[in-house]
Structures are given as structure tokens and as C-alpha cells.
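Heads up, there are several structures right after this.
Next, two complexes with chain A in common: one pairs it with chain B, the other with chain C.
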Partner chain A sequence: MNFRTITRMFGRPAGFALAAVLGLALTAPTGVEAKQRKELAIQDQPGYVPTPQEEMLPPQYRPQPVYFRTNEAPGTIVIHTDERFLYLVQDGGRAIRYGIGVGRDGFQWQGLQKVSRKQEWPDWRPPPEMIQRQPYLPRFMAGGPGNPMGARALYLGDTIYRIHGTNQPQTIGYAVSSGCFRLVNRDVIDLFNRVPVGTKVVILQSAKL
Partner chain B sequence: MVLVHAEGPRPRKAAARRIGAVVAVAAALAACSTTSIPTVPTQPAVVIPPGPPVAVDIAALPGKWGLASYRDEKDRARTEAEAKRACGNPYVIAAGPQGGVMMHLPDQAQPTEVFVKVNGEGRSFIGPRGAPGMIQDRVVMYFQGGVLVADWLDPSARERYGTMLFVRC
Partner chain C sequence: MTRKVWPVAGALVALGVMAAPAGAGTLDTVKERGRLLCGVNTGLGGFSAPDDAGAWSGFDVDFCKAVAVAVLDDAGKVDYVPLTTAERFEALKSGKVDILSRNSTWTMGRETGFGLTFVGITYYDGQGFMVPRAANVFSALELDGSKVCVQGGTTTEANLHDYFTANNMAYEAVVTASPAESLAAYGDGRCNVITSDMSQLYAERLKLADADEHIVLPDAISKEPLGPAVRMDDPDWALLAKWVYFALLNAEELGVASDTVDEALSSGKPEVRRLVGLEGSFGEEMGLTKDWAARMIKAVGNYGEIYERNLGVDSPLGIPRGMNQLWSRGGIQYAPPIR
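Let's turn to the complex of A and B:
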């Protein structure tokens, strides 16, 4: 049962509340699970097009309304790197929560950015070390299905980082990237349609001992 | 209950050994009783994308090329510009020892000597020795003015990497 179904059944406010309760009650990740999902040793798979079954995420990583305490204004994106969640803040202490893949250890960061550009089917440039391993790869791949950047990209300020889609749904919930935040294509399309250029993005990272 | 639990591992090992033996015998019997002819894995049929006949002079191939790819024709001009920009990290084609050139087959980290092969319709293919239009070949779609456009015949490679566009650096 997704958010749209719930709101259709109960009306938007009630559906939101019910879905939030269900979401909180049933899909909150445990500490053990977060540890298990720490890092994933996987290479990019340029050109791989995942099946709809592969894009079906574990329940906790599917988009869902949740209660979310924050001082940020509705419409703000808050990324909790350690939780592997991206929150789109809504009215009334709520947010829509999406499961994400984040940067590997050493590639994680925190800060305050704005969405500076939005791009459908972004292009992809394999990193030089990947070209070294696979010299036959094109140095530039125009956007399209199977592109590792996925269906949509939200560029963050003037940094090299983006919130983007992926053709590797199995990486959601893991620390896998070089600092970008990835969602499955269906979810990044949903987020893309909800946020305009100029959206505030807060990237949080818990302090580690 | 307790005794079974305490002795659990040994009976399980014995059972595993028994099951293994049964499987082995069953496999042997199955092998004896089979009458089917061993099958050779079939390769997917090679589909050659439609295109014009294109002549390729193999002597024009060695050197440095900017390499990019696209899937949709509307992206071609943009991809060509990006290929030019990629000359900072070029794809290098070397002359081969047998008169061909050294290029990569799909997903091969090391280059192989490939040749230009022309079929009866005048279509040019770049690939290992053999008939034109083998699954390891690329079919040349365009070769003019220092631009080479080629499609993999291997459907998996074509799907994953798209149409390859080389621009002479």
C-alpha cells in the first residue's frame, strides 16, 4: 500500500496520518540493519536496466509519509546520511521519506545547499579510474535508460554532487557513491516533480567517535 | 529432545553424506539413462541494424580518438561535441601485427586484433577474423571527416553501451 493509495482511501490529511503511523510502526529501520547496510562493494553497471521487481525496495526504503520534527520550512529537503533517508519536509510536522544510497566512508559530507539545476535523463561520465579498468567504455554516455545517473538529477549548488536516480536499486540503503545521493528512478522522478530549482537542501551527518 | 539436540550435528552430517551418495547415484543413473544428444549453447541470432553501405579504410583507424556514446539520434550532435572534449582521455587504436588494428571487443579489458570486413551489401564490419556480421563485430554506420559511428552487433553490448561515436583527436 503506497502513499497515494492511502490518501485515496482516507482523504489526504487522514491518509497522511494513518500512513505515517503505519510507516513509523512498521518500517523504522533497526540499528542492526543500518550497520548491515553500511557499505556495498559494487561497481557501476553502465547500460544495465533493472527490472520492475529489482526496483521494488524493502518497505522501509519506499517513499512514505512520516512524522518529522524539524525547524526547516515545508519544501526543504533534509538528508540524513547515516539513516540513509531523504526527507521532503511537509506542513504540520510531517515529511515524505525516501530511501537513498549515500557516499562511501571518506566521501560523505554535510552542508547547506540549494537545488541549482534540474535535469531529466542526465548524462554520465565514467570516472577515469573506471576508464582505466574498462578502456572500451565511452568517456561520455548520453542520458537514457541504463545510465548510472538514472532518470533525473537535482544538482546541488555549484558542487559536483547531485541527488540522482540509479540503475542499481540494490544500492539503496548503502554507502556506495562518491558523495552523491541516489534514489531509484521511480522515486527520483517523484521527488523531481515535487521540488523546484532553489529548494533548500540540508545534508546532515552524525558525529562519529 | 535434549539428547537429539545435543547429538544434532553428527546425525546431520551422516544424513548429508547419505543424501550426497543418493544424489551421486541418481546423477550417475540419470547420465546412463539419458538418450538425448548433448546440446551446444546457442548464440543469440545476430541482428544487423539497417544502415547505408559505408567504406572504411583500415589505415585511417590507428591513432587517438575521443569516444562517447548515445542511444537517441537527437543526442548525436551533443555526443559528437562531448567525444571531441574526451580527447584529453582518448581511446587509442594501434596498428595490429597481422595488418588489422587493436581494438576492444565487448567487455574485454585487453584489445584484440580486428579487421574491416565487408559483406555483399557493402556494409563494413570491424571485428575479429571471420565472416562479416559475427556477434563480436561492430557494424559501421558512418565514417567520414574524422568521425566513426559504429554499433555493436552483440545485443547485450549494444543495449548497455549504446551507439559508439569516435572523433579523431
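Let's turn to the complex of A and C:
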């Protein structure tokens, strides 16, 4: 259930910049080279277990310490959706930067959330909208290798969204047709071990025109 | 379009003191010539380098292109003049180039000594450290007791000493004669840390067989502000170059990119409208057209696009934005507003 349509978001509390979401959905540029380069048309592959080679990301998407000047306290997660990077703020003007994949049309809001729950090897229940689009998907899949939710999940507030692992490492660095914020399993395990429940999560989009 | 007359510069030309291009006004000279003469590095991956067919590309090259589009409406109308470290400032001073876009560090002495002015810090560089990823080191302050490869007789060596001493850390300097020797020593395990300017470390990293297994730490221990420079005697030209840089930054901040600039032309946001020339006459006041910035962004992209394409996530170097991220997103790149 890492994917919901916009209609689902109507039920969400204020602060989700609904207008912006709708505006984006309606005016999203099409056939644009730079954006396409960062999008990936791929379906979920439940049951697929990636090889260690596949999980070896290009160097720029592997975790690394970077300069990061912010007013957010160490321990805060800051996600730059358009950059495809998640920053875990450290002291001394630094952050650990992780490469991520982001949802193309399911997660276009910006704002503040908190990690409300942590789950190892989460189960997967594709939402009805997703079943409708991909009828062959299972209605339920127990957590484990091959599960599209990957090795760990961090639930964001009371939303349906999560920071989770993936069994599709090739989606890191891209916006994919479904999915929230996904990291390769090794990285999501690393992040999971560094952040407690209650961690602040700041999500930033590029400026709207 | 009318240009200001520079009586002082004119008088100096009459006296034969100043090179002709400066006296005539660089902007007019470039327009008449129909080509921009841009001084670049002879070959530095990511910043400026020619390909096999002689086509130049890189972060510094894209700045030349941005200026060429603003002035001549054609990114191809640039004559690249490769310059060595020794000849670069003299080449600018003598009028051999209109602008120097050649990974040059902005220092006081260079402005006062060469009669030139830097237009901005397009790339914040600084001395840093590269370590094996497996060392699990996240900060330069964790390098106590390291063996550090450093080129001898350089300011790099002095900075290294100062940094470790100031932070009460022990280290053993493995002094080498060249960057290549440092890299070889690091590869052989004769040192477990290598220090140089960070952009240089990223370039060196690519030469390691297991490049992915090494990281450059985020800490800069010296200031190496790189940017384009122009002659001091033509403030109009300096202003134009400066606002080319600022417009590229502002574009990124406002979400105006090569693929969104057309959409931006129907934006209702005043800041966006001024940038793309729908409001105000900022372009005309510089001797350009109203849509100077829009054309530029369409042709070369905004600052972030230029960065990622040449140095960042879309380039082999893979240098994180770091200090060169926008001020609002974790870095220190900050442009005054267009208004």
C-alpha cells in the first residue's frame, strides 16, 4: 500500500497543499526531456529478489556524508524530492545523504511529518486503486525478501505514506509510477537503525511556478 | 539600445594605455564581433574540456554559453581560448578574452594586482579529505592518527598541518611530489587519507579502480572560491556577467528550468515574471533584450541543471551539491533578487 491516488488525499488533513497537488497533476509538463530522464515507467514486481549487484547503486546514490547547512536539529530527516535525496541531519553542518526513489503522482506535497511507527519487513497490501490498475497483484503479501516494501518501513504520521525499502534497486534516483520514498534495503536498514519513532521528517519540493 | 560612454576609459585608450576592447565597451565589442571570447581551462574534466571533435563542455564552459545566449542569443557563438594558469589573468587584462571562466580562485591580490574583478562565486571549493568508505569516517575531526598523503611544498601541506594541530589531532604526513604520486601512495595503502582541493579529489577518485569505495568528506578546511572574472575597467560588462550568474541561481530557486521555462512564461508569480522578462525592463537596462534570462535558461538550464550535468549527480564526478546547494536547501549559494 505504498501508492494511493489523489482522490485518497482529499481525506487527508490540511497542510497537504491539495491545490498544489491538483495543479501539478493538471499542469505537469509532458514530453519534457529533463523530467523524463528522471522518471521510470515500471510496475511493481512482487516476489522478485534483487541480486547483490543490482543493489550496488551508482556511487552518487550511495549513502555519504555531505555538507548540509540547516536550522533543523541533528536527527531530522529532510527529503528533497526533486533531487532524489534524503538527508539525515548531523551536527556540525553535515548530513548523511541517501539516494531515494520517489512517487511520481502519489506524493507531491511538501511539509512536515513525524515518524509514527517503525516496522521490520512490513507486509504489503496493495490499495484497491492499485489492484484495479494491476489486477494480477496479490491482495496481501507477507513481509520478506521479494516484498516491494523491502526490509524496513518508517510510517509518516497518520498518512498512508512511508519511507521504505524496495526490491527494485534500479528505481533509486527516479520518480516511479507507484511508491512513496524508497531506499535500497541496505540503506533503509541503516536509516532505520539511526532514527527513532518521533523523528521529524521535512519534505521539500521544487518551487511551483 | 544606448550604451553609456566611458570618458575615462576613452581617454586611456587615446593615451594607448588600455587595450582597445575595454575602451569600446566589451558588450558592444562582443555584439559587433558576433562572438564571445571566453578564457577556459586547457582541460579539466567537469569544468572545461574539449571532446574528440573539439566541442567544449563543462561547468565553466556553460557559463560562457550562458553569457553568449544572453548577449548573442546563441550558445554556439563562443570562441573558447584555452589558457594555462600562468597566462590566464594577463590574457584577460590584455583583452585577449572578454571573460575568464576558468576555475580561478577569487583572492584580494588577484583583483588589486591584475585590474580585474570577480563576478561571483559560482563554485565553492576548499581543501578536503578522501578516505575509504569502509573506514566509516563521517567527519574530518575523526581523522586523528591518520597517515595523510599530501603534495609537498604547497599551501595544501600547510593547511593540513594547521588543521590537525588546531584540532589536537596527530597525523603522519606522507609527502609526495605530485597528485599522481599521492594517488598511487593512497592506492598502495601507504596512506589512508589523501588531501587536496575537494573538486580535485573527486577527479582523482575516478582514477581509482574501486572509485565507488572511496568518499570525500564534507569538511572544507580552506576557502577556494571559484568564479568568472572580467576586467575592472568595464563595470557595465561586469554587471552583466554578475547578473547572468544571479539569474541562473534565481531561476533554480524559483523552479524555472530548461523544461519549465515555457510554463514560467504564463506564471502569475511576480518574481518569476520579472526573471523571464514579463515585467520590468531589467534586460534592456543591461543592453540586452527583455527575455535575456528566459533564453539563457532555455538554452543552458538553471544553475542546478548546469551543476548536476557537469559536476553532480548526472556526471561521472558525482560531486554532491554541498556548499553549492542553494542557501534555502542546505548550501550557501545565494543570489540577490531581481527587482
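Note that the second predicted complex is superposed on the first by the 155 of 209 C-alpha atoms of A that agree within 3 Å, B and C clash if a C-alpha of one lies under 4 Å from a C-alpha of the other, contacts with A are read in each partner's own complex, and residues count from 1 in each chain.
Basically, a contact is a pair of C-beta atoms (placed from the backbone, for glycine too) under 8 Å apart; a residue touches a chain by one contact, two chains touch by 3 or more.
Since this is a predicted model, take the numbers as computed values, not measurements.
Undergrad: Check the contacts made with chain A and report whether chain B or chain C touches more of its residues.
TA: C
Undergrad: Considering only the touch criterion stated at the top, classify A:133 as touching first (chain B), second (chain C), both, or neither.
TA: Touch partner of A:133: chain B, not chain C.
Undergrad: In the overlay, answer first, second, both or neither for which of chain B and chain C A:142 touches.
TA: First partner only.
Undergrad: Is A:95 touching the first partner chain B, the second partner chain C, both, or neither of them?
TA: second
Undergrad: Applying the document's definition of touch, where does A:62 land relative to chain B and chain C: first, second, both, or neither?
TA: Second partner only.
Undergrad: Chain A residues touched by both chain B and chain C?
TA: Comparing the two interfaces on chain A, one with chain B and one with chain C, no residues are shared.
Undergrad: If you look only at chain B, which of its residues touch chain A in the complex?
TA: 66-72, 75, 78-79, 82-83, 85-86, 89, 91, 104-109, 111, 159-162, 164-165
Undergrad: Within their complex, state which residues of chain A touch chain C.
TA: 27, 29, 32-35, 56, 58-62, 64-70, 78, 80, 83-84, 87, 90, 92-97, 173, 204, 206-209
Undergrad: Considering the complex alone, what residue numbers of chain A touch chain B?
TA: Residues 45-49, 123, 128, 131, 133-146.
Undergrad: Spell out the residues on chain C that touch chain A in their complex, using ranges where they run on.
TA: Spelled out, the residues of chain C in touch with chain A are 133, 138-139, 141, 211-212, 215, 217-220, 253-260, 263-264, 267, 269, 272, 301, 305, 312-313, 318, 320-323, 325, 327, 329-332.
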